[in-house]
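Before I ask anything, let me first share the structure, which is written out below as structure tokens.
Letters are used for the chains, namely A, B, C and D, taken in the order the chains are written, and counting of residues starts over at 1 for each.
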Amino acid sequence: MSAETLTWLAEKAWFIRAFEGAIARAADAGEVPGLVHLSNGAELLELAVAHALKPGLDQVTGSHRSHGIALSLGVDPYGLACEILGREGGLSSGLGGTQHLIAPESGLLGSNGIVGGQVPLALGAALSAKTLGTGGIAVAYFGDGAANQGAVLESLNLASALKLPVLFVCENNGLGQSTASSYAAGGVSLLGRARSFGLAADHVDGTDVVEAIKVADRLASWVRSAGSPAFLEASVPRLSGHYHGDAETYRGNGAGPTDPFDRLPKLLADRDVPEGLVAEMKARAEAEAERVVAKATQAADVSDKALQRYLKEAGA
Amino acid sequence: MTKLSLRDALNRAHHQIMSADDTVVVIGEDILGGSGVDGGQELGGVFGVTAGLAARFGEARVIDTPISETAFVGMATGAAMTGLKPIVEVMFCDFMGVCFDQIMNQAAKARFLSDGRFDLPLTIRTTMGAGDGSAAMHSQSIYGLLATVPGLVVACPSTPADAAGILKAAVAAKGPVVLMEHKGLYGEMGVVDEALPPVPLGKGRVVREGADVTIVAVSAFVNRAVEAADLLNAEGIEAEVIDPRTIKPLDLPLILESVKKTGRLLVAAEDAAFGGFADAVISAVSRAAFSDLRAAPAAITPPDAPVPYGRKAEAVWLPGTDEIVAAASALATA
Amino acid sequence: MTKLSLRDALNRAHHQIMSADDTVVVIGEDILGGSGVDGGQELGGVFGVTAGLAARFGEARVIDTPISETAFVGMATGAAMTGLKPIVEVMFCDFMGVCFDQIMNQAAKARFLSDGRFDLPLTIRTTMGAGDGSAAMHSQSIYGLLATVPGLVVACPSTPADAAGILKAAVAAKGPVVLMEHKGLYGEMGVVDEALPPVPLGKGRVVREGADVTIVAVSAFVNRAVEAADLLNAEGIEAEVIDPRTIKPLDLPLILESVKKTGRLLVAAEDAAFGGFADAVISAVSRAAFSDLRAAPAAITPPDAPVPYGRKAEAVWLPGTDEIVAAASALATA
Amino acid sequence: MSAETLTWLAEKAWFIRAFEGAIARAADAGEVPGLVHLSNGAELLELAVAHALKPGLDQVTGSHRSHGIALSLGVDPYGLACEILGREGGLSSGLGGTQHLIAPESGLLGSNGIVGGQVPLALGAALSAKTLGTGGIAVAYFGDGAANQGAVLESLNLASALKLPVLFVCENNGLGQSTASSYAAGGVSLLGRARSFGLAADHVDGTDVVEAIKVADRLASWVRSAGSPAFLEASVPRLSGHYHGDAETYRGNGAGPTDPFDRLPKLLADRDVPEGLVAEMKARAEAEAERVVAKATQAADVSDKALQRYLKEAGA
């Protein structure tokens, strides 16, 4: 990985982390209508996947935990923050909220409140790309817990049967809410599942950004060139609770997961980047995230007007 | 003008729609048929509605699927968000239970959640209806249930022209439309304009005029209501028969206008006895035009029980012309 | 007598039920919590309703599941056919879309299809309700939709005593019961008899008597209706508030009795604007007691739109006490 | 396999075939309310599975194509015929019909009109057996087409995660209605799917009754003793159309599947059974099936009364 790529990625990663922190603080301050599910721990993997995609061609669907995915794809942070806060300027004027982020212009077809619900939708984007010959691919993100949901399992098969250009990305953080994946998922590995449906499949340590970039790129390229589906299982830690505010009493007192960001400074140093860059990037990220979320907090809530618009069009 | 069965009208409408618009694709189980089987002929759907499409438009646009309704209805929904206009078939509406999330939460809510930023030109075709011994899981008519879901348009045509025209309107619509075809009507013949013009969603039709009682009848009940109107005539009762065509949005103005004249409302619907379409119409009219009503409104629906298999039970379960006549004449003289 | 929150009353009822009957098992996602995680404490459900059950009754009877609603609701249904009395939790009723076949076709129809040869002591607990910023897929109230399905009993208690009592009745019932708990009511306090006696299914309750207008209010709307009744009192209007408790079977006699007295009906329900519970009640009353009605019946429901996320939109979407007062007073003076 | 077992099995097999023939004729004569899906071709496999089960302990759920399963389990043919004809004496007095056969007293918990719908229900029977410690197991039958349905895939996983004593039996006849399994099912084999969820899995040629008895017995015993799920994929031919009356125009003109019964006479002869037994058994089967179905045809349709009973109890 080049120094440029790494710097781009690190800068974005710190911003995402800072953004989630600012959102969490806004939630604590009562500025967020609903519960938020933070992406902390999955940023590097998501950026690696985004790095493999073609803006304007590819479409991604995500789960309830999609703030980071949105930012990785280049969704405007202010529009995102406003949506999460339910304010004017939000992607959907606050009608959708944190679990229903929609920004197809940036390649985010949608995120979803129903575990697994987003996965069939990605197949649709893949079908469009294939039928219209755009050269695009689709990415369906979901968690280890979602891998036990019928919608996801059927989709693995359908994508294989119809030969759709879709990359499934299973972010395995070992937990679905409070339940361990080791308990909920039968069998030895999720890769085996995917392969049994005829998908090319690979695993990557999502905390290892160098590997993640390589593997994501390889699989996305393969999907694009072969026009067939592939499956990427990425191990990522869930650094925060299931949702922000989750006391996680169900988790033992053992050492928590380590933060993949811990490895970033050394990686950057090895690439011979300017002295002090890390500190600078972090500070920039914090300041910018703080600014964006603060500004969003100042925005008006106009969701009622958006609702009225909808009702008017529906004739309801 | 020409005479066609409802099945053939739908088939012809598919051909016209697909030849006029390359972005229309058809998706479902056995709609091409014989996929993966050597030799053999195109099946064209278990009721023949999609016959000949694959031969003409190719297998890239006529897509057989595994028995995975959630995945393929969701796929159709996602495709509708990204440039295609899919017509997806759920073979029987009874099977919507297995893909109900994709209908209720994904397709129905997408435009709302996007704040109208994308259209969702998705048509979901399905069959419904009792009367042919198909029993509890191949005979339901869940249009009332579907209509409770915000964001869905639900249509139940009763004639060949309306079926074809509503299909066209559905494919051209901004949001998802569920088109429900009564199995008992596929053979129904009717005169149609060759061009099969679109029929606007949300507009009902006065099938027959009358001044004494308004009968709102859905799908296969329309013919029974007309038969009943003939019989009622002999009793000196003039029934006005209204086919709402679209369940939601409901053409309430048309119904209210009729009730203003007749003062009497009977709704005949094959869906739920409790909370179904009949209740929706009776409630809407009672709320909006209470003072026009001169007698208690009435409903003809099956009882609150699954569709039974045995012939006698099914005949008891499914109300017919006699029940409509009896209810209408009681109402007219109340 | 003691004072308990609705959450705690339900939790206590679970403890009593499970200790009285070894065949009762509890099944769902995170209802024990922490399964497969080393160390840590029992979660007892995301709302705490099942807290302490695993510690007391063991993990064989308190079963955490993968996120596979179809498989585990179906498993619970099959278990109810074969000797167990499962209480299965679908975390939010919005998720019923993913397992709707098992609810609509399997659980609901099983007793019918067996000609009553087996009982199906299945209780499906779920949550519902808007008002907490949970948005379009964690806020729905689909009781009207569920009630359209033949074979299901649907209950929506509004007090701790009713919630506990209905849970007991549900577990003892012969057929499947869906128990819908409003998220906004878990903290609601109420006086209960320590024994938490069963509350009969299909029986409503007059919450407050009044002679001028009947308000049928469901779940979280019951409190708002009572508040409204207080305010209406100041206007000289005496509202009778009825909590049907069970959506289906509906206690229609209780409602008709009240309407006979008041001549005026208002239904306040959080489910569908079209074909929902309000329509079912208004239709039933209009049909059965038209001559008792002295004014057009009225409904208070959210509009026909998904639940919005933003606070202002959600507040507009969800009707409150003010809307009830306005509608009831318009009705009383109509 | 002993001569006794083989004779028992062959006798039953011919009866099932004859029964389906008589039902088909009754349908042609207009005596059957709905469409019937005949079991022709799967009889030997189903009898092999039934042979491995314990009456009174085990429970089975089946698909739309379950006449043969019912008879293999010992369901009373007359009650079955009456149900299929919608007559008095039917298992459910004709309320359920051909796709909803329920006879738990014989171990048939239910058959199903929804593809895959029966599979989760079998998990429930397994859970009951496990929780109540009965020593019973459950069997879930389904087709190759159903193996692509979410309900089935989720169930494979749930059974594995909860360690339920259930035997999945996938009757692979290569077709789901008109669609080939080779088209609809991604991946190389259904066994691979099952194994990926952690299930013990094996394949058997369902036309080879000797092998089928062995494999079914081995897997059922394993489920019973280990208390864990297993998966049996059985290749069986679909000798008739998807439903009786299906013209099967979608099938090519190649040689149709061969009838597994063709091998029975030689197998019996090898076991040194009395001369003429085969002819005798066939004749007996035909006569008995004809008698049973003819008698059912004479029975009254009382389904309306059954409906009234239901309505009365439901208070509807």
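Keep in mind that, in the parts below, contacts are C-beta pairs under 8 Å (C-beta built on N, C-alpha and C of every residue); 3 or more make two chains touch, one makes a residue touch a chain.
Everything numeric in this text was worked out from a predicted model, so none of it was measured.
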Item to check | Of A-C and A-B, whichever chain pair has more C-beta contact pairs | outcome: A-C
Item to check | Length of the line joining the C-alpha centres of subunit A and subunit C, rounded to whole Å | outcome: 35
Checklist entry - What is the distance, in whole Å, between the centres of subunit A and subunit D, each centre taken as the mean of its C-alpha atoms? => result 45
Checklist entry - Once you find the CA centre of subunit B and the CA centre of subunit C, what distance in Å lies between them? => result 31
Item to check | Distance from the mean Cα position of subunit B to that of subunit A, given in whole angstrom | outcome: 39
Item to check | subunit C: positions in contact with at least two other chains | outcome: 65-66, 68, 70-71, 94-95, 97-98, 101-102, 105, 112-113, 136-137, 150-151, 273, 304-305, 308
Checklist entry - Which subunit D residues reach two or more other chains? => result 93, 95-96, 100, 112-114, 117, 148-151, 154, 157-158, 161, 183-185, 306, 310, 314, 316
Item to check | Pairwise touch network: line, ring, star, complete, or other | outcome: complete
Item to check | Residues of subunit C touching subunit B in the complex | outcome: 70, 94-98, 100-105, 108-109, 112-113, 136-137, 142, 144-145, 147-151, 248, 250, 271-280, 282-284, 286-291, 293, 295-299, 304-306, 308
Item to check | subunit D residues within the subunit C interface of the complex | outcome: 59, 61, 91-93, 95-96, 100, 102, 104, 109-110, 112-114, 117, 119-129, 131-132, 138, 150-151, 154-155, 157-158, 161-162, 306, 309-310, 313-316
Next on the checklist: Can you tell me which positions in subunit C touch subunit A when the two form their complex?
Outcome noted: 29-30, 33-43, 46, 64-71, 94-95, 97-98, 132-138, 273, 303-305, 308-317
Item to check | Complex interface listing, subunit A residues touching subunit C | outcome: 32-35, 86-87, 90, 93-100, 112-117, 145-146, 148-151, 175-185, 248-254, 301-304, 306-308, 310-311, 314, 316
Checklist outcome for this item: Seen from subunit B, its contact residues with subunit A in the complex are 23, 25, 60-61, 63, 65-66, 68, 70-84, 86, 101-102, 105-106, 110, 112-118, 150-151, 202, 249
